[in-house]
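Here the structure is laid out as structure tokens; the discussion comes afterwards.
When the chains are written out, they are named A, B, C, D, E, F, G and H in that same order, and each has its own residue count from 1.
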Amino acid sequence: MDPTALQDLFERVRRGELSSEQAVASLAGLGQAELGFARLDLERRERQGVPEVIYGPSKTEEQLIRLLETLAQAGQNVMVTRLTPEVGRRLVELRPSSHYDADSGLLYEESQPVARRTVAPVAIVTAGTGDIPVAREASRTLELLGFATDCLFDVGVAGIHRLFAVLERIQRAPAVIVVAGMEGALPSVVGGLVSAPIVAVPTSVGYGAAFGGATALMGMLTSCAAGVVVVNIDNGFGAAMAVARILDVKAGP
Amino acid sequence: MDPTALQDLFERVRRGELSSEQAVASLAGLGQAELGFARLDLERRERQGVPEVIYGPSKTEEQLIRLLETLAQAGQNVMVTRLTPEVGRRLVELRPSSHYDADSGLLYEESQPVARRTVAPVAIVTAGTGDIPVAREASRTLELLGFATDCLFDVGVAGIHRLFAVLERIQRAPAVIVVAGMEGALPSVVGGLVSAPIVAVPTSVGYGAAFGGATALMGMLTSCAAGVVVVNIDNGFGAAMAVARILDVKAGP
Amino acid sequence: MDPTALQDLFERVRRGELSSEQAVASLAGLGQAELGFARLDLERRERQGVPEVIYGPSKTEEQLIRLLETLAQAGQNVMVTRLTPEVGRRLVELRPSSHYDADSGLLYEESQPVARRTVAPVAIVTAGTGDIPVAREASRTLELLGFATDCLFDVGVAGIHRLFAVLERIQRAPAVIVVAGMEGALPSVVGGLVSAPIVAVPTSVGYGAAFGGATALMGMLTSCAAGVVVVNIDNGFGAAMAVARILDVKAGP
Amino acid sequence: MDPTALQDLFERVRRGELSSEQAVASLAGLGQAELGFARLDLERRERQGVPEVIYGPSKTEEQLIRLLETLAQAGQNVMVTRLTPEVGRRLVELRPSSHYDADSGLLYEESQPVARRTVAPVAIVTAGTGDIPVAREASRTLELLGFATDCLFDVGVAGIHRLFAVLERIQRAPAVIVVAGMEGALPSVVGGLVSAPIVAVPTSVGYGAAFGGATALMGMLTSCAAGVVVVNIDNGFGAAMAVARILDVKAGP
Amino acid sequence: MDPTALQDLFERVRRGELSSEQAVASLAGLGQAELGFARLDLERRERQGVPEVIYGPSKTEEQLIRLLETLAQAGQNVMVTRLTPEVGRRLVELRPSSHYDADSGLLYEESQPVARRTVAPVAIVTAGTGDIPVAREASRTLELLGFATDCLFDVGVAGIHRLFAVLERIQRAPAVIVVAGMEGALPSVVGGLVSAPIVAVPTSVGYGAAFGGATALMGMLTSCAAGVVVVNIDNGFGAAMAVARILDVKAGP
Amino acid sequence: MDPTALQDLFERVRRGELSSEQAVASLAGLGQAELGFARLDLERRERQGVPEVIYGPSKTEEQLIRLLETLAQAGQNVMVTRLTPEVGRRLVELRPSSHYDADSGLLYEESQPVARRTVAPVAIVTAGTGDIPVAREASRTLELLGFATDCLFDVGVAGIHRLFAVLERIQRAPAVIVVAGMEGALPSVVGGLVSAPIVAVPTSVGYGAAFGGATALMGMLTSCAAGVVVVNIDNGFGAAMAVARILDVKAGP
Amino acid sequence: MDPTALQDLFERVRRGELSSEQAVASLAGLGQAELGFARLDLERRERQGVPEVIYGPSKTEEQLIRLLETLAQAGQNVMVTRLTPEVGRRLVELRPSSHYDADSGLLYEESQPVARRTVAPVAIVTAGTGDIPVAREASRTLELLGFATDCLFDVGVAGIHRLFAVLERIQRAPAVIVVAGMEGALPSVVGGLVSAPIVAVPTSVGYGAAFGGATALMGMLTSCAAGVVVVNIDNGFGAAMAVARILDVKAGP
Amino acid sequence: MDPTALQDLFERVRRGELSSEQAVASLAGLGQAELGFARLDLERRERQGVPEVIYGPSKTEEQLIRLLETLAQAGQNVMVTRLTPEVGRRLVELRPSSHYDADSGLLYEESQPVARRTVAPVAIVTAGTGDIPVAREASRTLELLGFATDCLFDVGVAGIHRLFAVLERIQRAPAVIVVAGMEGALPSVVGGLVSAPIVAVPTSVGYGAAFGGATALMGMLTSCAAGVVVVNIDNGFGAAMAVARILDVKAGP
């Protein structure tokens, strides 16, 4: 896909190092491991600057172990998201080189040391205590990518002085992740007080008219604070990945 | 319906002033004017302490004029809600004793002077400028019921210092109506700063994921500020009536 | 947040009792207990006239015990909502100074005696038997706030004489909470018979087109009885808090 | 489709009056007029006891005139539903043998006299004035089918004494059509007071959380009054047809 | 509520048999048993021609036993709907005079013999095998009310010859209940072949875009067959009650 | 994209006919016309066997004329969908080589003769008269692709003998498009009678619970007839394209 | 239903081989086995070219065994869909002539050998690993109908080179089934690269805004690739049946 | 709000330059212009680095002119969004110092020159031609903030080679805005090819199951490409503001 890689390929064909059939085949299979049930991207780190990430819920334990093995053999770091403690612990037993973090539901295995980023800590703010697991998914993901985080929990808008008590810490951050369920109002308030990028994460905390997080989601999308962006309900991982994209801009050459 | 009225009726039957047939008939037709297309409640003021209110949109001009006439003849004040300027002005032409207020869409006719209430002004707060027509419906309704209002517009949460600039005025009010569209976050913030009753009114201001006010409505219903109550989308009239019920409690004997 | 508190702070700075740095810090941390997973409001009673209330479902038992301890040490009453009997009983074992009420799902701990209010009992009316747990959450909350309640269950509109049998008791109340699932029609009928404030609580009782309470919710919001206000589905606690706000208006100076 | 008609056909084949090919063809085309854009049922009256009814909105004026002509030639009565006054009047100009009723939006043409039914009048009750056009569609349809109607408008539940004033008239009816928008609570109340069949018609009257009649529809479907049945939003015609099915049961041989 | 009963009451007051206070009290408590958690209608059979019916799911076993006892003492038949086999059997153990029918989820107790109706059997038709439990709730309810039923299962529209195989039996019925999940198309087809009243019952059979029965419900409401009426999803009981209302019309004096 | 084309490219690089830079550029721009507001696919006919199709509603008349010109110059046939008569006629005035068909809303221009396909006519069946415009979009699209069609309108399920009257014609077709609004039941019935591929098209015909075609759409997706496939609401064009894909399978080498 | 069968029947009546009563009866019961809870179609294979398929979830094990027995006695192949491993294995124990495939949830019994089709393998492509069970339902169904399949899993659009690696295999297929959850984007991309018929299957893989597959479903219906058709969420079986209809067109006489 | 500003204020009180009353008042009114219908933020540029932006649709022309005047007098740049050409042109007539851009619906007035940013152009990519107006809102907003943009229109996924033709330009951008309606699949594909921050904008382009942009919105939120963030439907302005927040991170001190 990458025009440079493609041009290299053409160049090697032109120099006779590769037949055109080999080039087509190589183009197709480039950097993939085909496991039958999955097609692993062994060069993702190069292309995206991040380790391979595996969405855990829809896979069997056998499939997960196979994926961990394959990526480890390719010398690549790996994260698996949204594992229950039960599954997480069973996987660690089967594969002691991996680590499971029950707070965030993440399992990870680091074949290579992760370089620490020099940027200031990312602020991760929650409206309530119930939003903490989603915030933990975000903070742990960022840490696995080399970023520091500053977690500020339970600062919701109904007692707004709680927000002001920590505002200075939020204002120091290069990017802010705001996690809130119920009416999801916190990103609007934070968005008016902070000029950094703000990624809002709705959560499924609440009942009745919270509709499993849909109300918080829609509320964040219609936020009157300009430039607030939103990810899927409970998607702490996605928010962290968005921040990584954002801060890599800053750290870029 | 009123047990006292019913007991009176029984008493008059017992004293022979009324036959039982007359009593049943009287019970049925008590204080109503039957106009064919409508059944007017000529004793509402007694029972509910408010003038008769007519929902305007689903009635023809002929029907509205008939209703105004009938109530005026019964010496009762009347309000008609949600009239377009076009219809409102045509009705005033046909019936010069009525008044039309284009800001709120209300037409009214006062056969009897309205007693001014002694309570402090009700605060009516909007998040944005677009919410003002709904706020005007609320404030004008309250004024027709004898209450004073203090209107505070465009104090939305994305620039929260705008709220603090007027907070003291809000805190002085015996009841607060908070009007907001889009994500509808303002009642949550106000609810945490004020201990008075708060009636939240979602508005249809916004687009896309605002879903015509449904997002603001659901946001307000799931507010993390305890004890905030909600009325229908754009229902400034209903909010005013709720406040009237609330403050009549206070002013009660 | 409170302008008076703020002015005091300025005054103390002016008098040299506080440096400006201390003032800013004090402003931020004012009356909060920071527990890592939660930011407790130790001065809520002063500001809102009510004890701190904790939403139970999204917290671990360890977190709940920590919160109870902290608030008790601050001499503040506390309520935890929506606890299953299982969790409720385990918490009482761990903390014998607390009480659990299985009917309402509330756990509470009273460090200070609650002053009884002198106002007449609040009427709490349900349409059916299935709505009783929500009504109990409301009545128990009101009792913990010092209000008396008068519970009237199973008076739904399909046998309307059941309502008339208890109407006089409802009409005596300074405020009425109406709890109903399915089509949620009861608040409309009560709203036309009573001039007191009416807080409608939709419940998730019903199946199919009841859509988990959404139908009752929408029905109550579009009630043809003017001035009826609505809280979230199954939110008996919220209705009680709204009534407390309303009746505190009455009892105000 | 009718087994008797089918057996007749077999019988005629058996007697040699028809070849089997003719029988198949006759079976297929039985009593239909094929107009290209429509397939008219010329024997409906026999099969269903009602004239052919044409849903107006999705047809051109040319198509409507063609349909009226074809049915008139077949000696069959016809109704067209939901025509705007504009279209209705233009059709009457083009075809003076037809009649248009602006109150109900119905256009009809009676080639044959309609037999008056001997049953007592059907009660048609509306909650508000805005529901009247839907009620008119129902009453006019019933009249075109030979049934008498008793219309009782604006008896909604928020002033329930209005309902009691007309209850006796409702209780005399062999079937009741209840038309209501907004929260759609009236059928629940009527359903508990009347043992006759009740057909509930939700209307699109209302705004905001009325969601174009969906709230009234869902409310009626979850009615706590047993045995209330429901038709589509604003479908006065369908309610009338349901009543015709019901009362024909009674009048059956 | 009943004008005749009311007139009697007035008459007795007039004759001095009752004081007006007694009359008001009697009016209010007329024929009700107040159990705290429920208000039983002990005169329902007189007013509606049916036994008291109790919606089972939202009541505790203790409450159900209390209700059964009270109604039996009043000499009234009773049905409880939607009980799981587990609960049903436990109740029968506690109260051996009651019967539980696992196919329909109904528990019933007949203090008085039910008079058999002379009308032909009601046809109960299902589209598939999965719809049978709902059909059984309808047929068993009708039987408890004295009506005979003719059940025709699995005649869905995708193999329409299955419908024609039983059409004659359907056409003999004085009323038809059509039960269908998924796309809910069967009532439209039956509605075109039968002139009797048709009550359509959507079921929650299906997955994905069946949305728990909402698709079948909406499909039935928009049926192109005129005069089809609809009840709530899975509401076999409600359909039976509607048919009882309909056929009582026929059997009326 | 096409591996063969890619291999050709490599081959030409290998033979020195192309530099690798030229190859990359050629790969990128292959067969596209870049117009600023649009990127036209000038080789679509080769790749997909169909002319370029332009979705009309979201383009200005200027843009449409530019697109028609460019494609005509490339010798390619073109269709524009969903044009109102107003716009359609204005475009024909501006560009007399194009044709507009008001029945289907299609405008087309044929630079090259379309080869007639030898397959039997595709059956296009509608439930009602209101569904005809959508059916016309499908039939006209198929004709522009060289297929014959057999249109059978108004054969809806509520008078199922209308369907049987034309069943033989439907059964002769190699593929069937079934177009229906309201409850969308027709594809289920046809699907059980015909073994050919069936593409169901829901339409927005209907009101109230038809929800703009969503009910028909969901009904078709949950059809109990196996193997029925569905396209978007009112998407006659898409259904025709699906049939073209299907019948091209048959005609394949 | 089949006109030819009907004509045969008429012919036999004409020849006196059958009385007209026998003909009607025969017409009705033609080829059905009536089991009380189900009406089995014993001639389906003739009419539709496929074995009888039974939707498993809404049937009891007793019912399933009865259905298997009846169809086996009629010499017909049978498939049961969507059985959990628990139920599947219990049925195989009870009926050892049947086979259960846990990957697809299908149980089947082949009384007659299935003829292998000569067409090239059908491509079954999934976006992710979680979509595999749905794909397996499709592939196993096709195999039971005699078609070969080529499964290509985990080729989702976020790493589009994974798709290109297998594109040639997809392009060789006579029909393509594309299975995807979450945003359901894969059919749009495949639809632009392949001219064969494409059946898109949305899956319930995902969380939050995936809304149980509704987002993927709606995305596929609005695909910008023309001629993509869609089946219900998770309906791998339906997609296979659609492909069978399509390829039988090709293989037709 | 800003702790530094607050500390300054305390400091001035401490130094006796301000009384504590003055400090409180100053705190409240800081940098606001109160216009009755709006509360303008005259210091926004300082706090957020952007001019004041006014949401146009819900304001009258008189209000808009007042806002423009006030901001111009304060020497602040201003943008008004979503104005129709009609309103836009009328405003320019009334206020010739302002400019209206019909492509984007933006009106703006620049009192101060905008500093050009040195960062590479932001890529703005649309799936189709219909998405261009939303893209123009984004690009024009960015230009008013000093950023350069590179617009790439009509590169949607159904002809994916169109995307590859412009991929290199997209890969050069420091941030990418992807605008798409219908199924909204483009951000998923771009997200896998580019490591820069990606802001996805769903549009209301499409019909039927596009549900006014909700399908595209939900599709983008469930994108399988990690780290894609989303704004409201048609919210080109919001996407631009998000990019400004992101790129200001990079350009920060």
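As a convention for this text, contacts are C-beta pairs under 8 Å (C-beta built on N, C-alpha and C of every residue); 3 or more make two chains touch, one makes a residue touch a chain.
The structure presented is a predicted model; accordingly, all values stated were derived computationally and were not measured.
Asker: Using the contact definition stated above, find the chains touching both chain C and chain H.
Answerer: Where chain C and chain H share a partner, that partner set is A, B.
Asker: From the C-alpha centres, identify the chain that is farthest from chain D.
Answerer: Between chain D and every other chain, the largest centroid distance is to A.
Asker: List the centre-to-centre spacing of chain C and chain G in whole Å, with centres computed as mean CA coordinates.
Answerer: 53
Asker: Measure off the straight-line distance from the CA centroid of chain E to the CA centroid of chain G, and report it in whole Å.
Answerer: Computed value for the inter-centroid distance: 38 Å.
Asker: Between chain A and chain H, what is the gap in Å from one C-alpha centre to the other?
Answerer: The mean C-alpha positions of chain A and chain H differ by 25 Å.
Asker: Any chance you could list the residues of chain B touching two or more other chains?
Answerer: Chain B, residues with two or more chain partners: 1, 3, 27-28, 128, 159-160, 164, 167-168, 193, 208-210, 214, 217, 221-222, 226, 232-233.
Asker: Can you give me every chain pair that touches, using the contact definition above?
Answerer: Final set of chain pairs in contact is A-B, A-C, A-F, A-G, A-H, B-C, B-D, B-E, B-H, C-D, C-E, C-H, D-E, D-F, D-G, E-F, E-G, F-G, F-H, G-H.
Asker: Give the list of chain C residues in touch with chain B in this complex.
Answerer: 1-3, 47-50, 53, 164, 167-168, 171, 174-175, 193, 195-199, 217, 221-222, 226-233, 237-238, 240-250, 252
Asker: Any idea which chain D residues touch chain C in the complex?
Answerer: The contact residues of chain D facing chain C are 127-128, 156-160, 182-185, 188-189, 191-193, 206, 208-211, 214-226.
Asker: Report the residues of chain H in contact with chain B in the complex, numbered from low to high.
Answerer: 1, 27-32, 34, 36-39, 41, 44, 55, 57-59, 63, 202, 204, 212-214, 217, 232-235
Asker: Could you pull out which chain H residues touch chain C in their complex?
Answerer: 3, 6-7, 10-11, 13-14, 16, 19-21, 23-24, 27-28
Asker: What part of chain C is in contact with chain E in the complex they form?
Answerer: Touch residues, chain C against chain E: 128-132, 153-155, 159-162, 164-168, 205, 207-210.
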